[in-house]
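Structure below; questions to follow.
Labels for the chains are A, B, C and D, by order of writing; each one numbers its residues from 1.
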Amino acid sequence: MSDLQALYTAVLEGNAPAAKAAVQQALDEGVNPEELLQKYMIPAMDEVGRLFEANEYFVPELLISARAMKGALELIRPKLVETGAKPVGKVVIGTVRGDLHDIGKNLVAAMLEGGGFEVIDLGVDVSPEKFVETAKEKGAEIIAMSALLTTTMPGMKTTVEAVNGAGLKGKVKTMIGGAPVTQRYADEIGADGFSDNASGAVRVARELVAK
Amino acid sequence: MSAASPQASGTTGLVPAIRSLDQFIYGHAPKPIACGRGVVIGDGTVVPELNFTLPPLDVNVDTWPTVRAQYSEMIEGVCKRAVELEVPALLVEFETLPPMTVNPEWGAEITALLAETMARYHERHGLRSALRLTPNDTRDHVRPPVMRSGMYWDGMVKLFRMAGPSGADLLAIESTGGKEIHDEGLMNADLETMVYGIGVLAPRDMKFLWTEMVAACRETNIVPSGDTACGFANTAMVLAEQRMIPRVLAAVARVAAVPRSLVAYEVGAIGPSKDCAYEGPYMKAIMGVPISMEGRSAACAHLSAVGNIAQAVCDCWSNESVQNVRLLSANAPTVSLEQLAYDCRLLNVAAKTPQGATQMRDWLTESDAALDPQAYVLRPDVVLRLAAAIAAEPTPYLRTRRAVQATLQDIADAAAKNEVKIPANETRWIDRFRKVAEALPEDEDEFITEMRSRLADAPYLPQEYGLSA
Amino acid sequence: MSAASPQASGTTGLVPAIRSLDQFIYGHAPKPIACGRGVVIGDGTVVPELNFTLPPLDVNVDTWPTVRAQYSEMIEGVCKRAVELEVPALLVEFETLPPMTVNPEWGAEITALLAETMARYHERHGLRSALRLTPNDTRDHVRPPVMRSGMYWDGMVKLFRMAGPSGADLLAIESTGGKEIHDEGLMNADLETMVYGIGVLAPRDMKFLWTEMVAACRETNIVPSGDTACGFANTAMVLAEQRMIPRVLAAVARVAAVPRSLVAYEVGAIGPSKDCAYEGPYMKAIMGVPISMEGRSAACAHLSAVGNIAQAVCDCWSNESVQNVRLLSANAPTVSLEQLAYDCRLLNVAAKTPQGATQMRDWLTESDAALDPQAYVLRPDVVLRLAAAIAAEPTPYLRTRRAVQATLQDIADAAAKNEVKIPANETRWIDRFRKVAEALPEDEDEFITEMRSRLADAPYLPQEYGLSA
Amino acid sequence: MSDLQALYTAVLEGNAPAAKAAVQQALDEGVNPEELLQKYMIPAMDEVGRLFEANEYFVPELLISARAMKGALELIRPKLVETGAKPVGKVVIGTVRGDLHDIGKNLVAAMLEGGGFEVIDLGVDVSPEKFVETAKEKGAEIIAMSALLTTTMPGMKTTVEAVNGAGLKGKVKTMIGGAPVTQRYADEIGADGFSDNASGAVRVARELVAK
């Protein structure tokens, strides 16, 4: 019988090979993939997020855990589909038009992947049209936008308007973040979600998908 | 040696211009600079350097009159207050916004607007002033960045040459060559990748870029001032401030930036260094150039752990950048000017005696040095020690390797002696980093070969750094 | 003597608490104050005092949730950064907006919100802090102002009593009694009218108001801190800064405010004085109370001619006020906190030796003292000299008369010795003012009779100041 | 023959009795009142404004000149009406709702009176309705608003809207000033004029009336 606690620990410590091995063994032994995900892997990532928010983990540690999680998820995802379990969700992510900062955006993308989301990363300097088209084309539930400049923040508003203009209001949720962005700004432009840090962004994305 | 190795000073080390703590004080640099309308920098008086930028506003043909009006409002407010506060001299930095580098005519137009206003205040009110133009490095507007050709590069080169004729007195830049790799290293706390970005790629780009900039300045008779590792070390500083990466790593990133920023001075820049280059004290120690620094009065732009110590050996004192928003008293640029003016007054009053200057420097130092490793590596005696070690090495790569090794060693020793506080969650990182640092090969080619294979999928173009494609 | 004469200390002069320059330094006051969660003021450490206010936003029932969210964002940002910067202690001032005094429940609600957050940061992170509540003086919302009754007065009294139970640790005010007359005097450079406003009317109102405030504080066990002649002397400062009135007049207005602000301490206030009370050094010298001051780091709120010298003998160091607007780095209140924290660090480091504190004080003084008469009258030795002269007089009116006469004499002497620069267009004013000052009668009743007849049509109600109707 | 240069000097130096006496003498001698105003009194006030802007005069000096001017004008005004000369103009002035600062407003009012305007001062904390009603009732050409607080500035916008809403656009001009007010803000809210100082305000008011 496989030691599932080892899976939890492997994700928590960012040990990708160990995480994969633990998942593979469990699957081979017929453990329910949904159980692996909900009882071990997601709780491990939640703990990683907690450690980060408590200032014990730094971003590099977040990232290696997210990578271990991602690797393990790749093994599980086909099985989940077989059992008819609903996938966590799809996110189109990018830094808004005119803005070339990508560190924060990359971090959120990695964390979302670690959180089980399928992530389509459009890079930097992304136009509102590009966000909307891609979300449509890929059937994404969420558009996640980043901006590091107060001068480029209006691109978030324009994108939210483009989502609504395309008749996708409520179908495609928008979430925003970045140094100058605040919850107040999110409310003002009608964005559905906001987070001021990467591990919080995963929580927000989950809530948006659950709505 | 790699054929593309960039150092200008050949294959030998440098002898630092400042070797004694007594000579390492604010306001005085071994090689002062005269520029603009009666400004002298580094010859005994600390001068305020004011930078400003637009509030949220699209820059395009339609908004251009508003853009001009904004800059006009800012420079008028700043010059008027500078006269009222009787500043000894005023340095103004105009950092273009990307559309103003892509369309260099726009950048030149605002430069001229600022220069004309400054000239008018000089004429009518005797305000000494100089204008520093800092075009953006727009080469990373395509990904992966294209560093040596294309429309972005062409726009930059054109603006370098238009700077002088438009009225700028000094030329600077915040160049980004190697940042695309360094960012990856920072996020993963991967010191090897960081060293490859800042110690191998960045110096090659600096040599290419600054050779061009120095030529443009000589042709147009303006001052090639300096560069900043802002995209590297200040990114690290901000990430550390947000508790995303260890502070120790940000401290290492700062000192590791020194060899890269030195290249500008080796190929002909003469200072003052850029305000946001907190590696400035190392430039002053090694090359003897005056430096601009920013700290507590740049809180409008960055929160930081070096608010006072950053001032300890500055020659210009800056607010980094502030948007033209209205505060209760006045527009934010005028508010910044006022704060800088009073800061400089205090420094200059204290420096009426040499003992006063060292006393004030030591208080500024003691204020911050023990609280954060990023502050610690700006401690003047630490700077002199690490600067000497770095300068002794012959090439940018070897200097960077040495910088990383020596900084980690020094911080570890200081922590053991309680000279600097290391947060509990960071101590485990010091050992990790030291292992990586000690394993950096002495041979640059060997390191390049290793890293090119490790980073085969990374979003950068080796040939844009003079490496084989 | 007029039956309504307000002095609490009877009819004799006061002996100043500080008489020697050696004892007149920042951080140390003869009568330190302990308050809030572990804060001690005036006992060796300068403490930052942070004040913030809403960005443009109507305060009403509909916007109330936004108002709360704004204050919540501000206090969280400030406390978080205060912990990160390891400030020795934090003083927060909450100055209500008029609707929060008219509806004292609103003022109390925000007070509670701030106090709860500060208590949480004390518990979790050990942040020492105290909250100063400053209700507005709303009595001039009717014109002419009604000072001793009516809905505005009732709202103020109610908020005085709600302060402690809501979580405030200190109570302060910027009271305005007599301002309506002083304003007229200022605009017309009419020194007689100014003296009537600040030397006759204002002290009477101060006695009435502060007797009420001290009683409220004693009942609710909080600190009755201090008042400011903001509406008088800072109005003058701003008008002088805009070149609307002579700087000399603003300097005289400052010292003339001393007897008026003293009244609060005579009837039981114990400090710290209000940040914007630049007459604070006089309060410290005469009464020995700790003082809060503001200068270069309050440029967000006021431009001023006393950016450094204001700090010379401070015990708290403040940003005066800043709106919650977003700057490039963070919200403006957080930026202010950072600047104050570094300012205080520098002062406190220098004060590790007594010689260090006096050295720093003297540099801060020398920075500004000779450039403007408003700075000159804050020179610590000048303060001690003028404070002794003022305190020697027995009543507020006679102290004000003496303040005006002695200040003009001192400025004229200093100008003759080149110790202070007087703008060329102001020299003619000094003689004009001196003639008026010397002609002020010694007998207060005589002066009142004369001024009541001169100001028979002026927009004020004598009976609201305890004078006959 | 009266010495009209003495009238100029009396206004410039703020000598109200001398200014009145000079005007009275000139009128008695049959000098055209329009000439007194245009050739001596207004140029004197212009010179006062210039001295103020050149930092030679302070506000108290502005005010005594304005008072001398006002006294002299009281003698001239009836004669001007007789000759059918158009009066300079009527201004309704006040500090906007919620704002209790009156120093700046009082100064502008005094300068406008000195400039020959008839000024109706509504005091502080003036509602948009009050501004508009009074302007209608008194037939004023200008509403001049002051605000010292960024929080009360929106009252200027509301008043401009109220003027337009009452169908007075173009008939009643609006002008604004006060520490936080800028030309940009004036443009933004559609105010007709702006000045950042009291003597400039008179110039602006004249231009608005001339339009």
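Here is the rule we use: contacts are C-beta pairs under 8 Å (C-beta built on N, C-alpha and C of every residue); 3 or more make two chains touch, one makes a residue touch a chain.
Since this is a predicted model, take the numbers as computed values, not measurements.
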Touching both chain A and chain B we find C
Roughly how many whole angstrom separate the Cα centroids of chain A and chain C?
52
Report, in whole Å, the distance between the mean C-alpha point of chain B and the mean C-alpha point of chain C.
41
When the C-alpha atoms of chain C and chain D are each averaged to a single point, how far apart are the two points in Å?
35
When you check chain B against every other chain, which residues touch at least two of them?
323, 328
Numbers and ranges of chain A residues touching at least 2 other chains:
150
Which pairs of chains touch, using the document's own definition
A-B, A-C, B-C, B-D, C-D
Contact footprint of chain C on chain A as seen in their complex:
150, 180, 182, 184
Contacts from chain C onto chain A in the complex sit at residues 69, 73, 326, 328
Residue numbers on chain C that touch chain D, as the complex places them
54-58, 97-98, 140-141, 143, 183, 186-190, 235, 239, 242-246, 323, 425, 429
Please name which positions on chain D make contact with chain C in the complex.
55-56, 58-60, 63-64, 98, 100, 102-103, 106-107, 123-125, 150-151, 153-154, 197
So in the complex, which bits of chain C are touching chain B?
81, 86, 295-297, 299-304, 307-308, 321-323, 325, 327-330, 332, 334-336, 338-339, 341-343, 345-346, 349-350, 356, 359-360, 363-364, 366-368, 371
